[in-house]
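Have a look at these structures, which come just after this line.
Each of the two complexes below includes chain A, the first together with chain B, the second together with chain C.
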Partner chain A sequence: MIRLSGLGLALVAVAACTPAAPPETHLDAPFERLQSGYDFLTPETQALQDDTFSNPGYLWVDRGAELFNTSDADAPSCASCHTTGLAGVAASYPAIDSDSGQLLNLEGRINTCRERHQHLPALDYESDALRALSAYIANQSHGLPLSVDISGAAATHYANGRDYFFTRRGQLNLSCHQCHDQNAGKRLRGDTISQGHGNGFPAYRLEWQTLGSLQRRIFDCDTGVRAEPLPLGSQTYIDLELYLSARANGLAMESPAIRR
Partner chain B sequence: MASIRLSVPATAKRGDVIELKALIQHPMESGYRRGSRGEAIPRNIITRFECRYDGETVFAADFHPGIAADPFLTFHTRATRSGPVLFRWTDQHGESWQETAMLTVT
Partner chain C sequence: MRSACCSALLALLPLAGCGDTQTHLLPPGSIVNDTIPEPLTRIAGDAGAGADIFVSRDGGHCILCHQVDGLDAPFQGDVGPALTGVGSRLSPGQIRLRIVDYEVFRPGVLMPSYYRTHALYQVSDTNAGQPILPAQSVEDLVAYLSTLKD
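Moving on, here comes the complex of A and B:
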């Protein structure tokens, strides 16, 4: 009896030492501290990201600002509706579109706006224009914490994305979870495995020699474990994007980040 | 259309050494790579960069396939007189992009 109550005390003590309960969305992420991909870069690459002149991602941000402010054919420009800019908006994507009930990522939101309000055709994934616009809009949330909502209609998408994250796939039979949760911080050949957060995207990847979306990054991860990747912009990838963002909720947005 | 970013001080004292920075968006495709179906990706590179300060060439560079995408150059020159600083990139097909910044020397 005495021993039992001692154990009870010990448990209380452990509970008292744990920091305030983390937000619900971090439950799956086993990290004491969320670390951006930035923390896994060399100092030289970090310096390149921090220098807003030489960071090549800003080439797309500049171009995006031009596209945002100019009208195409007879369509109104983005700026004619969004007169005060879109600061903070990208930090809450993917989000449910209240009109259609669909889960949209930032690229999907841009294309929905184009079709619905500007009556322009949707832009192709990874087209220069879509990357430029998404980089420009994401950059307006630079430094703000990721804060996606996974309640209501988003909950099933979150669960679907989480399933994808934990499912082993490909010839290497690896899940996202095995690298980015269980082995983050360890070496994978010449590289350090990051925690797998998307807070820097659209990002300039040195391997790509260009700026690309989070969708492209996920596509590459699937290719990396020799799984058949899904098409860019597929619903499952957008659901996964939601899971990743929720998992990283609170991390500062860095787009356009530099990543290896 | 290529995006260009320039960094040129607006003003400088005569005789000062100033830093000029130029970044251009370009794939700098080396011609040695192959696509996902094995087809050769043709070479597409900038071959020449020139910087003219008030009409005089103060810096020039020949680019080869080893230069990475979105080439970024930093170099220095001495501020001698007020005038336009022109940056021009020319690719292998002869197409060129240029942008000018004004430098005022006091």
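Moving on, here comes the complex of A and C:
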């Protein structure tokens, strides 16, 4: 029983807004070998991903191709600038935009092109058009190794993303690191915890019944530990995307992957 | 059900930024070595209710990480150790501390602290200031796990 007399002393308030402990500084690549989330899927789900006719992610790729090639009265199409396509580009994102010095993820790059070159408004995060375009562009890097650059201006973003990865948060007080580095391969109820790579995104998640961005996946992991998730598209999530990609550099791109 | 003492305590929470409430729920002196010898509530724990809380997604959902031989629930996790026979290994006071706040004696442990609101970060607005489980549920879990003997 809690004695009321103890209350006065028990109400010790410590500084809010700071993580409980400094982030751990363990190995950054704790794996003997990088393993895609694909390796943790059932053979049936793997087969669904591999079959480009049945994989529903390819409907988004097709829709994205249409949008890429469509021009409005006032705006040139994406294809009119990118005449030879964008093979390999997505594998190097997030990347620093040389004009603004900002770190952009693929969605941010698409929106920057719209505003800068097409004079069109930015698309909302998770809007149909933005998901379709990003799936189409990501798919052009299918099979290529992730290869993000974390030097120069990207270094501070990498450090910030890494910090987020190692910080325990939420009512359940868990970090990305604890699940995806320390417990990969173990079972969390019906799920097998993977190494937590973003190489399949945008991906079609069976739980969502639709295609979604890597940021939406991260949002779900934050929600899962009962943390207040960050808004989609926030800079910290983009920095985290950079850390995730750098941590998985070399792993083959799979978008549009199927995930549970 | 939350006992009167604890709702009073929750009402006294100071305002903290970021939706996190940094208040210690346990009075000083509750923890003795690696145990909390005294129950958190006046009402004795109910082992049957504890078994439900152990399994239920809205309860403790302990099977996310733990497995118990013979327990009727699909897909029990293996992130934590199996708890079969835990009542023979640990006393009720030891079990209570591990559920309330394992980090007290093992900093950095993976297992969440189910009856703690201090030193947490970025807690969602809907959960801020509240422990994962009310005190009575902790007692029900202690009663249930204490029945698991080798």
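The working rule: the second predicted complex is superposed on the first by the 232 of 260 C-alpha atoms of A that agree within 3 Å, B and C clash if a C-alpha of one lies under 4 Å from a C-alpha of the other, contacts with A are read in each partner's own complex, and residues count from 1 in each chain.
Going forward, a residue touches a chain if its C-beta (ideal position, glycine included) is under 8 Å from a C-beta of that chain, and two chains touch if they have at least 3 such contacts.
This structure is a prediction, so every number in the text was calculated from the model and none was measured.
Looking at the shared chain after the overlay, A:190 reaches chain C, while chain B stays out of its contact range. After overlaying the two complexes on the shared chain, residue contacts for A:167 are found with chain C alone; chain B is out of touch. Touch counts on chain A: comparing chain C and chain B, the chain ahead is C.
In the overlay built on the shared chain, the residue A:227 is in contact with chain C alone; chain B does not reach it. Look at A:73: by the touch rule set out above, it reaches neither chain B nor chain C. When the two complexes are overlaid on their common chain A, residue A:182 makes contact with chain C while staying clear of chain B. When both complexes are overlaid on chain A, the residue A:209 reaches chain B alone and has no touch with chain C. No residue of chain A lies at the contact with chain B in one complex and also at the contact with chain C in the other.
Of all residues in chain A, those touching chain B in their complex are 53-54, 56, 58-60, 62-63, 209-210. On chain C, the positions that touch chain A within their shared complex are 5-6, 8-9, 12, 14, 16-20, 22-30, 38-42, 61, 63-65, 74-79, 107-108, 110, 112-113, 118-127, 130, 132, 135. Residue ranges on chain B touching chain A, taken from their complex, read 3, 5, 7, 21, 23, 25, 27-28, 68-70, 72. Residue ranges of chain A in contact with chain C, taken from their complex: 1-7, 9-21, 24, 167-174, 178, 182-183, 186-190, 193, 222-223, 226-229.
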